[in-house]
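Note that the chains are named A, B, C and D in the order they appear, and that numbering of residues resets to 1 at the start of each chain.
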Amino acid sequence: MTTIGLDTLNTAMPESFVEAIGDIFENAPWIAARASAGRPFASVTALHAAMMEAARMAPLETQLTFLRGHPELAGAMARVGAMTADSIAEQGSLGLDRLSGAEFERFETLNTAWRARFGFPFIICVRRHTRDSILARFAHRLENDVESEISAALDEIGFISRLRLAAKVSGPGMPVTTGRLSTHVLDTVHGRPAAGVALSLHEIGASETARIVSTVTNQDGRTDAPLIAGVPLRIGTYELRFHVGEYFAANGLDTAVPPFLDLVPIRFSIAEPEGHYHVPLLVSPWTYTTYRGS
Amino acid sequence: MTTIGLDTLNTAMPESFVEAIGDIFENAPWIAARASAGRPFASVTALHAAMMEAARMAPLETQLTFLRGHPELAGAMARVGAMTADSIAEQGSLGLDRLSGAEFERFETLNTAWRARFGFPFIICVRRHTRDSILARFAHRLENDVESEISAALDEIGFISRLRLAAKVSGPGMPVTTGRLSTHVLDTVHGRPAAGVALSLHEIGASETARIVSTVTNQDGRTDAPLIAGVPLRIGTYELRFHVGEYFAANGLDTAVPPFLDLVPIRFSIAEPEGHYHVPLLVSPWTYTTYRGS
Amino acid sequence: MTTIGLDTLNTAMPESFVEAIGDIFENAPWIAARASAGRPFASVTALHAAMMEAARMAPLETQLTFLRGHPELAGAMARVGAMTADSIAEQGSLGLDRLSGAEFERFETLNTAWRARFGFPFIICVRRHTRDSILARFAHRLENDVESEISAALDEIGFISRLRLAAKVSGPGMPVTTGRLSTHVLDTVHGRPAAGVALSLHEIGASETARIVSTVTNQDGRTDAPLIAGVPLRIGTYELRFHVGEYFAANGLDTAVPPFLDLVPIRFSIAEPEGHYHVPLLVSPWTYTTYRGS
Amino acid sequence: MTTIGLDTLNTAMPESFVEAIGDIFENAPWIAARASAGRPFASVTALHAAMMEAARMAPLETQLTFLRGHPELAGAMARVGAMTADSIAEQGSLGLDRLSGAEFERFETLNTAWRARFGFPFIICVRRHTRDSILARFAHRLENDVESEISAALDEIGFISRLRLAAKVSGPGMPVTTGRLSTHVLDTVHGRPAAGVALSLHEIGASETARIVSTVTNQDGRTDAPLIAGVPLRIGTYELRFHVGEYFAANGLDTAVPPFLDLVPIRFSIAEPEGHYHVPLLVSPWTYTTYRGS
């Protein structure tokens, strides 16, 4: 996607500014319009902060109208094609447009309860979540009072718009919108990186497990590319599976039959989508250690 | 079950001796008969060794007849009710009498290939195995030549008869026929045993996972009873699952939401049915270590 | 030393009771006399509690006289031979009767400041301490106000008298007066206890290091006897030194020359004299883990 | 020091070439002279290889004369000022010019035995060693036969000349002549790098311990500069000392008094002067793990 330079935006006519980035906020070009008065912005982060300030400072009625302009998650708007292109892409990335019957029903129940309580849709930055974490937050935030929920919804809109803005505008001071998940395998029998260890990363959902990537460690015991990078890490539970039995057999360590350790599963959760999660494995045929590293 | 004292056996008339323990070896009272000449035995282990010696020293034709007198695993004999009571119990303990269609077929294929190659059934000490390890050994031993396989079959008969003998006879020098699986959880934030950690042990089969036991750690971070004891440990793959997220939350450690570590799975295999496997967990909210201890 | 049975004490004439255990409290047979009224005692612990109650309930002037009846640490009373036999043995066990010039001066300075502030000697249960921890507490408690210090001194007298009582009286409900220090070495290359590892335990003092014991691990990776047992563990800093380089070389692991790990020092402090400190080592030629176990 | 470009050397007149780098090999400009015929060299490594080839291909008598032209370690040549400037600097870096009486005597004894056996001095690349490892190799190589020792001496000359060449010549394909020692501290209670941990690195000699560097971990739990870099790591034994007690106290973890872990010593040996040694610490107040990382 071609991006627009911050310089260009800083010097554009107001109406061009709004035309360029008015859709960062769902059906709310007025936010860009108000922010345009604060130009020039020294950084993309400052531009985003100014837009969020406009949203947060707006009168309650304006805010409620704004919130009501958002689509429901996995909701009727999706089915009748009334969502913005960005929303379609975001919800689709999580498969919210092709839920199973039971899941769809779970969302419907929550959406119904939510509408009754708040009068605007449940808003969450889908790209920072797995289905399980969305459902968990959905149920949890249903306990909010209206004031807290408006604040929570604006926080999520902050995450959503930050991602959209980072994709559309380039310039100095880009906001941090991506996380990183990496691993490293050390062979503690030989005191060196374990090269050639097959491993895979899985998302552990409440109802199913999905493989995200399969790879093999290189000479440095790392993977050639991070396991996840360049996108937010979805809040949720994961499992790394290391095939250490094959590795030790291939490296001349005859141990027991079957080996005490063969497939080593490391289950962990990600809570910070923009964080760096380094999850190494120190392993011999009879012991291992894992930790959140840096 | 009432047991017979070794003293009684040592002084019994030969025919009473054979009547008492002739069925230790499947359809082969002659083994007890030959061993009776070696009385008195100083230990139950010595009695067992004498019977195995008789089986191993018998002429080839006698050995083959002996081996042919064993039931097939999950085979036709089971279905027509022609097995000895011991064999029925042993095979039943593993569910070999109620296999799914696909599993039954896998056994049938192996049994057919086996009969064609060896002319006697595949013999294995079922109580030392899981279904998966039986299938693995079945396929592996199908590569044996006849001489090696007769030796392998007699080794397995040694395991089977040792267990039967230990259940029937009491006295000094009992053979070791049981293993032990235990765990221990240490909380490395507080430097003390982790009390109240819910955990479960599962057998990880190729096609399904079965829970063996659920329990909670006591004040010493151990379980009140060993996870498995008093029987042979079945060769196979297991998983311990420790609910450390709940434990740390209950002990006042607010970490991430969701916590980095919640359910910690430790997957390991048992290769020595009469061994002691101690599989501890040293754990903080951000790291853990496990190892085969002692 | 012959001990007196609690039964005997429970039924003795009051004067015999006082004669038997009146010296448990330094120059204060009145404490035993008062406690004798509470007989019979169901346990030695209850007898001790009754005596401490008498000391704690006494009028302030009586308490001060009692405290003044204690010897100074490493003080003039020691040099002129005016201490009770118990005090001589206790101070001697720590070498307080043969300090170097600088240490003696340090004690003198503290004793002088102490006398000026409190008017009674610094009292501490020497057998629960190293010289370093005594000096640390000495300086720390010098900050106390008089009331707190009387309470602290009585606490220490509780420790002292508990030890004396446990040595003199036998019966049900003995107080816990001893700690335990143990270790365990696991070889994580082979997944088994490391047998034959030479190791030593040292007390790490501010001015010198003293070896307490040298030993070798047995087949279970433990030492035949605990490193310390049957006495209070002295509060202080220790170092375990494991000769793992020799062990791995003897077990056929050729690693680097010189080996990455040869002598592994584990430095730790003991804070609970009556606690159980288990300090294991999980070790390969390239990594190790230690922890306070249980 | 100004360096000469490889290009310049490749195109220089032969006599200029020898003048420029003839002193890389001790008193043996003929080695550069022979190597000059192989020009142009594509890399500094190739230039070095050509010079070593010339030395290794020379007739035995020439080699012996060459070896005899080297100074003894800590020997008489040093005292009478007959060494080359490079040798003076190299030996001085290890303090071999200011040994204690006992150490000097130890070197003298070895030098005398060596001269009697080989007729040429003991040659070793001093900059890759500590005094202890020099003495160990000295005694060990004294067992060599003459042929093996000539080969061993040439290997060491290879290390010496590689370092001298790398300091004098610049260009593509520089030989690897330096190692790297680094550390990293992870706080496993909080799951983050431990910032602000004071630590020091010490060389552990047989007769004394010398502090090499003291520093403090930064926000990433690392040290701003590697502990050692830019030079060969001296083969020998080292100790890292981490002040974790202060760190945990400063981070709000009240543990025992004194804390179970206060100063954590990690003792390890370096065997590969050009290697990367990463020696991290994963630590809570009650446990730690260290390993050779990468």
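Note that a contact is a pair of C-beta atoms (placed from the backbone, for glycine too) under 8 Å apart; a residue touches a chain by one contact, two chains touch by 3 or more.
All values derive from a computational prediction rather than experimental measurement.
Q: Once the contact rule is applied, which chains count as partners of both chain B and chain C?
A: Shared contacts of chain B and chain C: A, D.
Q: Need the most distant chain from chain B, centre defined as the mean of C-alpha atoms.
A: The chain farthest from chain B, judged by C-alpha centres, is D.
Q: Could you let me know which interface, A-B or B-D, is made of more C-beta pairs in contact?
A: A-B
Q: Between chain B and chain D, what's the gap in Å when you average each chain's C-alpha atoms?
A: Result: the chain centres lie 56 Å from each other.
Q: If you average the Cα atoms of chain A and of chain B to get two centres, how far apart are those centres in Å?
A: Averaging C-alpha atoms per chain gives centres 47 Å apart.
Q: Multi-chain contacts in chain D: which residues touch at least two other chains?
A: 186, 188, 191, 256, 260, 282, 286-287, 289, 291-292
Q: Which residues of chain D touch chain A in their complex?
A: 184, 186, 188, 191-193, 220-221, 282, 289, 291-294
Q: Show which residues of chain B lie in contact with chain A when the two form their complex.
A: Going by the criterion above, the answer is residues 133, 136, 235-237, 239, 256-265, 267-269, 271-272, 286-292.
Q: In their shared complex, at which residues does chain D touch chain B?
A: Residues 186, 188-191, 255-256, 260, 282, 284-287, 289 of chain D touch chain B in their complex.
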